[in-house]
Amino acid sequence: MSGDEPSPSRLAYLSLMREVEDLYYEEADLLDERRYEAWLELFAADAIYWMPMRKNVPWEERDRDITAEDDVSWIQDDKETLEKRVRQLLTGIHWAEEPLSRVSHLVTNVRLAAPADRLDEGASMNVKTRFFVYRNRLETETDVLVGRREDVLRRVDGRLKIARRKIIIEQSVLMAKNLTVFL
Amino acid sequence: MRSLNGSARALVDAVSGEISREIYVNEDIYREEQERLFARAWLYIGHEDQVRNPGDYCLTKMGEESVILTRDRAGQVHAFLNSCRHRGMKVCRYDDGNTRAFICPYHAWTYDLDGRLIGVQDYENSYRPPFDRAKWGLVEVAQLAIFRGTIWATWDKGAPSFDDFLGEAKFALELGLCPWDGGNGATELLGSTQKWIVPCNWKFIAENFAGDALHVVSHRSVDMVGIGPTKGPGRRDDYGKPHLAAYPGGHGVNYGVTPPVKERRNYAASPATSAYFQSCWEKRLARLGDKAGIVPLIGTIFPNMSFHLQQPRTILVSHPRGPCETEMWRVYLVDKDAPDEVKSFLRSYYIRYSGPAGMTEQDDMENWSYATQASRGTIARRLTYHYKAGLGTEAGTSDLIPGGVTERNTSEQNPRALYRRWAEYMDADDWSALR
Amino acid sequence: MSGDEPSPSRLAYLSLMREVEDLYYEEADLLDERRYEAWLELFAADAIYWMPMRKNVPWEERDRDITAEDDVSWIQDDKETLEKRVRQLLTGIHWAEEPLSRVSHLVTNVRLAAPADRLDEGASMNVKTRFFVYRNRLETETDVLVGRREDVLRRVDGRLKIARRKIIIEQSVLMAKNLTVFL
Amino acid sequence: MSGDEPSPSRLAYLSLMREVEDLYYEEADLLDERRYEAWLELFAADAIYWMPMRKNVPWEERDRDITAEDDVSWIQDDKETLEKRVRQLLTGIHWAEEPLSRVSHLVTNVRLAAPADRLDEGASMNVKTRFFVYRNRLETETDVLVGRREDVLRRVDGRLKIARRKIIIEQSVLMAKNLTVFL
Amino acid sequence: MRSLNGSARALVDAVSGEISREIYVNEDIYREEQERLFARAWLYIGHEDQVRNPGDYCLTKMGEESVILTRDRAGQVHAFLNSCRHRGMKVCRYDDGNTRAFICPYHAWTYDLDGRLIGVQDYENSYRPPFDRAKWGLVEVAQLAIFRGTIWATWDKGAPSFDDFLGEAKFALELGLCPWDGGNGATELLGSTQKWIVPCNWKFIAENFAGDALHVVSHRSVDMVGIGPTKGPGRRDDYGKPHLAAYPGGHGVNYGVTPPVKERRNYAASPATSAYFQSCWEKRLARLGDKAGIVPLIGTIFPNMSFHLQQPRTILVSHPRGPCETEMWRVYLVDKDAPDEVKSFLRSYYIRYSGPAGMTEQDDMENWSYATQASRGTIARRLTYHYKAGLGTEAGTSDLIPGGVTERNTSEQNPRALYRRWAEYMDADDWSALR
Amino acid sequence: MRSLNGSARALVDAVSGEISREIYVNEDIYREEQERLFARAWLYIGHEDQVRNPGDYCLTKMGEESVILTRDRAGQVHAFLNSCRHRGMKVCRYDDGNTRAFICPYHAWTYDLDGRLIGVQDYENSYRPPFDRAKWGLVEVAQLAIFRGTIWATWDKGAPSFDDFLGEAKFALELGLCPWDGGNGATELLGSTQKWIVPCNWKFIAENFAGDALHVVSHRSVDMVGIGPTKGPGRRDDYGKPHLAAYPGGHGVNYGVTPPVKERRNYAASPATSAYFQSCWEKRLARLGDKAGIVPLIGTIFPNMSFHLQQPRTILVSHPRGPCETEMWRVYLVDKDAPDEVKSFLRSYYIRYSGPAGMTEQDDMENWSYATQASRGTIARRLTYHYKAGLGTEAGTSDLIPGGVTERNTSEQNPRALYRRWAEYMDADDWSALR
């Protein structure tokens, strides 16, 4: 005896999930293929790109192990400043990325923070992912950046856009000499 | 470990401006640095904001070692080696917090906030005769000093006072750590410390901040893009005319001097910031007159505390992790009384300039790392580095600024002074030989 | 010319796969967000949690490279003993995890061991996954645990529960000082 | 108000994507479970298996950072030579893999290079993926191979087959002593 | 490599109970340990269960090196350095199995199970005069001994017999390796060996198992949860009153002594186990009378074989991998005649207690690792560790237990004895100086 | 660093054919090798194809160091240490390309293609007196030579000419670098360089290629499968009868000698290739007659350039990265005039044979790696390796081939010659002691 056809709402959920996955995999391709300007287009005009730091704290205070929004962080950008980073890469003399690093973005665990089966124009939803970013440059210099992302996605002109990104890296002392790679 | 006895001077020829590459990559020399320099010099270890109240503590570093910075019940600030006297376990493994005592996880030896050993299991019966607990407290630094909120310490009892150690370079810290209006208000930390690891020798960082205007060209990509507060190209506000000052203690500072014009318009990107700085500037002019325009742009307090104290405003400590690896710790400063909007604007600007995501510092770190790497080889080690810029144009004195001052921005006099002092530390057997 | 609508059974399969993926991504979030007690709820009351060891053996004996069930293993727990591990973490004085490690669980390659398009109440199915677990604590101590999981999932009160987990780590000499991280 | 049922073509797309994912996860299982001969069956008779090298080049010449097809590469195989590699493993005296390495293939970011909602018999489509391959052998020897794959999939007798594989590794100096692991 | 000649004693002051941190972190001292200690002492290398039949082999380690343990056709057990005499290739790369010979993958030199070189390509024609193959067999240990199933070896011809090496500590192994009923039956391995790597100096492990009751407090979290067989809190069954015994060979044991009560109820969590142990206990009482209650809870046979021989029942070998890294190998033991249900209950209990997933051992490893790390720095190395507990309360003798015995559980006499012996090895030029 | 003065010979007993394992794993000996061998000998650094036109450059290595190979406007080929004379930064970080000058990223010192320092910021004003830029150009190799397209260099002014260095081994390169028809046409690179890292000592590679027929057995798996061009089992075409030739310079070659038969049918797998080789063979026969069948199958030019120059046809350079790590650089060669179809057939065959995906080389690398690892331990280091094959059957002379020649394929005479020379380098204080 075979499975019953899922409900329309369930099918809508499957479709929405795939749309979200497609967004993230497209993003990864744009970055790893160095199409940085196209990558910027995935962000909403008022996007926030924030990467807090991590701390070692006692068990009872464990929620404090991610630095707050009004604290110093690794990165706190809006779309305008993200664009400056992209333009710096395009100069060809940004030595930290000249020659360019070889980078692969692996995105996994795509999950809606709250159940949903549709995202209407202008509406937003929270999406969680994991990332594994491998970066290798010149001869043997290699960095691995691993962590979680908590995004807010918004539908704009029918397309999903990243309205907010919070990047939770699983390191306290950053074991990379720079963060020239977008996460 | 082999001693360099008297040979460091042979590696550092500050007169002809040539320095052996060995001092940047040699393992033995690195170990000597730990003994003769980092265990001896005054080191920046933190800021009072990190230990405001009794029981507050945070972890810091001196050289390669973990150190606990804390304030006891009496309000006294202490710094202790973070290692239990029983079997060496780290007694504190939290970056910061507030506690009543430090209890070792392994056998529960307990240390008071002032480092005294106050708890030992079965002390009464297991030790015949009982050992003297007073001798087994946490190892405390030999001297500790607080200067305008910044905290400094040394492991060496024989070291001079922090004031003597700093010498005339004190002028830079006084200017740089006071609020922008030149008054007696306070500056504060913008928040937590950035910590990250760079595969370069720590001296590349120290010399770069001590004064290396020649490398400005390496920042062209960020200047083209423009990340400064002015909305235009460039990465900073206007800092006027640079003056390089070298100090016998090995410290080096690059001061900017702007004329006492009435109007400063450098913060177009943030009206609130622009307004705040304009009002500060007016107060500053009133207070300091012709000297209002003097700011310590960038510098290094020997050996490894470096700073920008105008825009961005930040302290960097370069903790060695081996000849070819350095752990960078960076904090950011702001006027305590500045409006929150100003603080948050500056915070995001500063971390866009400095740190691992700093569009300026990224290119420095790339250069430091590959310069270190390319200096390790058999043939490379036979060569020297070149520090000749400004040789022959001796630094003079200035009525504005203390120290050996030159307006020749391209001069490498400050790195030369830094390495001259480095060689003195490496050759001296104790502080008496260093005064 | 465009794709034909898939059969009801095919759509049921798509729905079931997404349900399974959602389970694993929820599990990863519960662990990485330190909601250990909620994580325990994902296991059936009679759950088995087993992590055999690996050996270097000749080609002809390659099936022997995973230790048998009656051999010593890394972990052999039931739900009761798993719960003890969780309770130890909650004491706040389990030094191996005090302060807590920073952990990201990346789960990939979610696949049914045998075709299915439904899982009825009380029924079970075998699911295979890959995991990449990144663990970083204190300053720079870092472990990477990579391998395969073979789970038995069972539907209980309508929800998927983990009835059995076999963890196949790709190391013989374990290159981590402990296994305080759930896999 | 709940999501509308997706269009037949959209549902066909969801089904096609899952079919592609299933192919890759099956492939990973066949390799990691050492069923090499079955793995070969996933390739079309005229399959090409190509792994170019990477170079450090100036920004303006960045497209040159992957070696061309007529240049030396890491691997350039057809199905016949792939089969020779498999047969060498089966001898049990291929010392580089005797005893066998422990390997996990993690495949992520499965994405169609161009939109499609069906793949007819004999037709082909381009699919991009990311891979993270973990390899550990004997005591502590460990390699991590990370990169991107650009495959051409073709439908043969109703099943998806790999007609062409291009493996883009994110290393210039290969930091592994050999490439005995299929990617 | 520099020799410590006679200086080790200077680093280890067992009288005042202070030991220099250098011996835990110094690279040169570590290398000396390999030469003077691990190449000289008797080391645990395995168990007869691992080589039951002719042709059986398994890989083991001595110090940092891979060693093949095997049984030849004549039933003789051998241990060989796992390195081909031709160009050094590992001739065995399988953890265990059964073979007819060891054939080198590189040029196919072939060694018999007794180590003899029996196959060399073109031997007849390529070597004029033919070389003496008898001189080119696998390098075998100088001495090998089997004691109640456990296998031990030393590279040093001059070493005393295993019995002399063990001395009175033999009492602990005899008690611990016999079945729980105190009879002459056998114990067996529960299965394969756990192998994992911990970033600590190996001596932290050796001293901890030799007798360190002060650290019990570090296990509070597991005691609160309760993983023992009793269903209640705690992690073990009742072991009675501890007696610490130190031996001149550097060995240290902590014995538990329970009164000869009739009933023992410690295995509530498993009725079958409870029943089995009760019946064993009764036989044991009948056999040993007042001495039935003596069990070797925990101990270290110098240098790096440590054990729990009651509950859990396991042997740990701490193979050094550098001053700050150790590879831990753990096997578990059980009465051969115990019912399968008992064996499988104990197996899962033991690995929940010990090993990388051991809820008890995890906290030890954390402490050993960070104690090692915090002892590496410049200032830390200038300090000593503190081993004063029990000083002045000299160990006496006991009519129950051989060795220097104290009931003062908190005493650090066993670590002191271990390090005193360590220093003797490091200073002695050969075994004649060590007897 | 300690000097081996005169002790290397003690470690290498080429007469009895025993060599201490220390030379493969000892850190100090490794460092001496960098100074006394890699900074002194002629090293292969590239091929003219890589710098065909003025401005062309590529990165290469000498020992551990990065070197720029380039051709200046005058068409002259140069090799420079890739490190800026100012602060050491790598001035070139691209694997290959074409440029007008090398501009340092850090402070923009600019070097012409011939290495001259042509750009220094503010040179006119900042240096009083101006320093002599001629003294601060890129450091160039002491000598450079080009032989049939291959480029060689040495850091040592005192080294003999490349011809003298090569000695009679020149015969092998002449034969191997000419096209297959034996004429004066050219060979070319098939493309880019394979670069990968292997955890073994570089000498395992050098000795293996110098002539180690005994290890052929290790390649049985690939022979069973058959990857050669013949479609049958095996991995190569027929190369006739092997002749081992050792040279006093430490070089070793294994030549194949086939009789001057009319027909050669070795490329069944590719008709085009078969036809091409047959036509080449006929021309070759006509040109060289009886000597047509002589080919340099495999060999090592001391210290670290190894080759196959028949099928496959490739050059391997083993760049040391430490005693237990080597970076392998491999290029492939083909007749310039061969049809594209032939080139592409050979390309895929060659990389299936050699390199990290090479079904033959994979097994060698496994053996080299685990031989290195198993030689590091305390007991292993006390042993020697065995190089006795062929001892007593002294190499004679051959009218076909120069050098000390033997047809005893299994002889280890070539490795013995290589290590004899190695010891001479390690003991000699300069080249005068090496001629």
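Order of writing sets the chain letters: A, B, C, D, E and F. Residues in each chain are counted from 1.
Here is the rule we go by: a contact is a pair of C-beta atoms (placed from the backbone, for glycine too) under 8 Å apart; a residue touches a chain by one contact, two chains touch by 3 or more.
None of these values were measured; they are calculated from a predicted model.
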{"item": "C-alpha-based rotation, chain B on chain E, 0 to 180 degrees, nearest 5", "value": "120"}
{"item": "Of E-F and D-E, pair with higher C-beta contact tally", "value": "E-F"}
{"item": "Chain D against chain A, contact positions shared by both copies (same if over half, else different)", "value": "different"}
{"item": "Chain D-chain F separation of Cα centroids, rounded to whole Å", "value": "34"}
{"item": "Distance between the centres, which are taken as Cα means, of chain D and chain B, whole angstrom", "value": "50"}
{"item": "Centroid spacing, where centroids are CA-atom means, of chain C and chain D in whole angstrom", "value": "25"}
{"item": "Sequence positions of chain C contacting 2 or more other chains", "value": "11, 13-14, 56-58, 93, 95, 98-99, 106, 108, 132, 138, 140, 172-173, 175"}
{"item": "Residues of chain E touching at least two other chains", "value": "93-94, 105, 197, 218, 363, 366-367, 370"}
{"item": "Chains that touch, pairwise", "value": "A-B, A-C, A-D, A-F, B-C, B-E, B-F, C-D, C-E, D-E, D-F, E-F"}
{"item": "Chain F partner contacts - residues on chain E that touch it in the complex", "value": "34-35, 38-39, 62-66, 81-90, 93, 105-108, 121-122, 125-129, 131, 136, 139, 155"}
{"item": "Residue ranges of chain F in contact with chain E within the complex", "value": "21, 24, 204, 212, 214-215, 217-218, 363, 366-367, 370-380, 383, 385-386, 388-393, 408, 410-411"}
{"item": "List of chain E residues in touch with chain C within their complex", "value": "93-97, 190-199, 218, 220-222, 224-227, 327, 331-332, 344, 347-348, 351-352, 355-357, 359, 361-363, 365-367, 369-370"}
{"item": "List of chain D residues in touch with chain E within their complex", "value": "93, 95, 98-99, 138, 140"}
{"item": "Touching residues (chain side chain C, partner chain D) in the complex", "value": "2-6, 10-11, 13-14, 17, 54, 56-60, 62, 65, 106, 108-111, 128, 130, 132, 144, 146-148, 170-173, 175"}
